[in-house]
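First chain A sits with chain B, and in the next complex the same chain sits with chain C.
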Partner chain A sequence: MNRSGFWQSFFMEMAMVILFFSIALAVIVRLFSQGAILSEQSKDMSGAILAAQTVAQTLERSETDQSYTLYYDENWNMTWENPYYAIQVDVQAAPNGINVLCSYSIEVYLYRQDRPLFQLQSQKYFRQEDGL
Partner chain B sequence: MKKNGIFSTGITSLVMILVVLALSIFGILTYLSGRNDYLLTCRNGDSVQQYYEAVGKKEAMLQQLDVLLETSSMEQALEQLGFSWEPETGRATWSCPVRENCSYILTLKIDGKSWEVLSEYTENTQPWQEETIEIWSGEE
Partner chain C sequence: MRNVKRHHSSVQTFCMVAVFAVFAILSVLLTLMGARVYKQVTQSMQANNALRSSLSYVANKIHSCGESETVYLDQQDGQPVLTIRETWDGQDYLTRIFFYQGTLREYASVDQGQEGFSWDSGDSIARLQAFSLEQEGDLLTMTATAENGRTLSLTIGWNGGEGTV
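== the complex of A and B ==
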């Protein structure tokens, strides 16, 4: 093979390599990004599940008919400034004589994107004789 | 093919194939790891929701129990709410399915129109199948 023929085949090969590498890289980058997105969603949802359970357990020990919102930062510390997550707690009390059945809905969502992460619904029956 | 130093044709293709192969494997592993984490978290979330739904049914049932104990006899109230009643011990047991092969069990001690919770827990209701393997007992 003469010198010009060598460079011609070399550049042809390089062009093919770059073309194939670009196509392959597009697929690979998509795989990495999807994996990262799923991992991030999983992390957000895990925290949301734990936070919702904490609120549910707190509600089971405190008789209230007030709806409220809790705000958290990226590390699930309570905050009032620049919240990252928020928990909306809706409580509906149905009195039955001296006792009360409270239905509560706990919704955890990403505050900035207003995207729901997790929702929990349950009820708690408060009896006067339980002292609550 | 005549080689010309390090710029011999074929080497770049080989290196590119190895790099793409390595990146593809890491990419697939990253995606599968993220996907499995997400599916596991979703399953965890579902089980938490189902548990709290069962707890909610139990609390609503307890309210119904108080109402029925005021308006009807204890036996009627327990039968209507699906309790199994043990008159000797005064214990009444109520169960509610949480999910497949899992139930929420509540045991109350009932005395006239008053009651107290003795225990509440979730129980695996899947029938236990003992697996036996034949082991040589030492006898011929």
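== the complex of A and C ==
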């Protein structure tokens, strides 16, 4: 093979390698970004589950029939300014004269994206004279 | 004519080397970027697992206690130790959950008072940077900090018994 033929074949080989590399790069970058997104979602979900459990446990020992919203920053510290997460607590009380069945719906969501993360239902049954 | 050919050949060589160099640089960059993303994702997942497993484990341990068991916060060398006491056939058994040297640990033993406890005993539950227990009324707040500095808390209702802090 003369010198020109060698370089032509080398050029063709490199072109094929770069083409394959480009396709692989597109797939791999997508995989990496998807992995990072899933990791972030998993982190959000863990915090959301623990925060919802905390609210449910606190509600179990409180006497409220008012719906309310709690706001949290990125590290799950309660805040009023620039919240990152929010927990909406909806309360439905069903009194029957003697007892009350309170149903709580605790929904955790990403405040800025308004994207739900986790929802927990809880109920509390007690004598009407004991609370509310 | 020979000079023109030689010039063409030099340009061709330069182009080939440049293409190969770009390919090599991109390969190295991709490898470094991939390693960095993989490391970040792995660290985040490990921290997440350590936080969730430690908090959930302790919460489930408390919730699973029956009427025959007493749960309370004890103090050992000024550090809080979550203690579950149960009695079988007249013998007291203690399960202690505590944080020592970057590890949340659990140690189950026959009740031998202070003698039956040492900080480096017990099974490892999770590697953490910090773990604290705080009782406020009938609520117990557990706060765990992962090795990457991320902190999560879980509050559970309980009827902490004798010896509470």
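Keep this in mind: the second predicted complex is superposed on the first by the 124 of 132 C-alpha atoms of A that agree within 3 Å, B and C clash if a C-alpha of one lies under 4 Å from a C-alpha of the other, contacts with A are read in each partner's own complex, and residues count from 1 in each chain.
The definition used in the following text is that a residue touches a chain if its C-beta (ideal position, glycine included) is under 8 Å from a C-beta of that chain, and two chains touch if they have at least 3 such contacts.
Fair warning: this is a prediction, and the values are worked out from it, not measured in the lab.
K.L.:
With the two structures overlaid on chain A, would chain B and chain C clash, or do they fit side by side?
P.N.:
Fit.
K.L.:
Classify the contacts of A:Ser122 with the two partner chains as first (chain B alone), second (chain C alone), both, or neither.
P.N.:
Only chain B; A:Ser122 stays clear of chain C.
K.L.:
Under the stated touch criterion, name the partner, chain B or chain C, that contacts more residues in chain A.
P.N.:
Partner touching more chain A residues in the overlay: B.
K.L.:
Mind working out whether A:Phe20 is in touch with chain B, chain C, both or neither, as first, second, both or neither?
P.N.:
first
K.L.:
Which partner does A:Phe10 contact after superposing on A: first (chain B), second (chain C), both, neither?
P.N.:
In the superposition, A:Phe10 contacts both chain B and chain C.
K.L.:
In the overlaid three-chain picture, which partner chain does A:Gln53 touch, first (chain B) or second (chain C), both, or neither?
P.N.:
A:Gln53 sits against chain B and chain C alike.
K.L.:
Just chain B (first), just chain C (second), both, or neither: which does A:Tyr68 touch?
P.N.:
Neither partner.
K.L.:
Please give the least Cα distance, whole angstrom, that chain B and chain C reach in the superposed model.
P.N.:
Across the overlay, chain B reaches chain C at a minimum of 5 Å between C-alpha atoms.
K.L.:
Once the two structures are superposed, pull the chain A residues common to the chain B and chain C interfaces.
P.N.:
The answer is residues 3, 10, 14, 17, 21, 25, 28, 32, 35-36, 39, 42, 46, 49, 53 of chain A.
K.L.:
Could you please specify the touching residues of chain B with respect to chain A in the complex?
P.N.:
So the residues of chain B touching chain A come out as 1-2, 4, 7, 9-10, 12-13, 16, 19-20, 23-24, 26-28, 30-35, 37-38, 40-42, 44-45, 48-49, 52-53, 55-57, 59-60, 62-63, 66-67, 114.
K.L.:
Applying the document's contact rule, which stretches of chain A touch chain C when the two form their complex?
P.N.:
The touching residues are 3-4, 7, 10-11, 14, 17-18, 21, 25, 28, 32, 35-36, 39-40, 42-43, 46-47, 49-50, 53-54, 57-58, 60-61, 75-76.
K.L.:
Which of the residues in chain A end up touching chain B in this complex?
P.N.:
It is residues 1, 3, 6, 9-10, 13-14, 16-17, 20-21, 24-25, 27-29, 31-32, 34-39, 41-42, 45-46, 49, 52-53, 56, 96, 99, 101, 103, 118-125, 127, 129 of chain A that touch chain B.
K.L.:
Along chain C, where are the residues that touch chain A in the complex?
P.N.:
9, 12-13, 15-16, 19-20, 22-23, 26-27, 30, 33-34, 37-38, 40-41, 44-45, 48, 51-52, 55, 59, 137-139, 150-157
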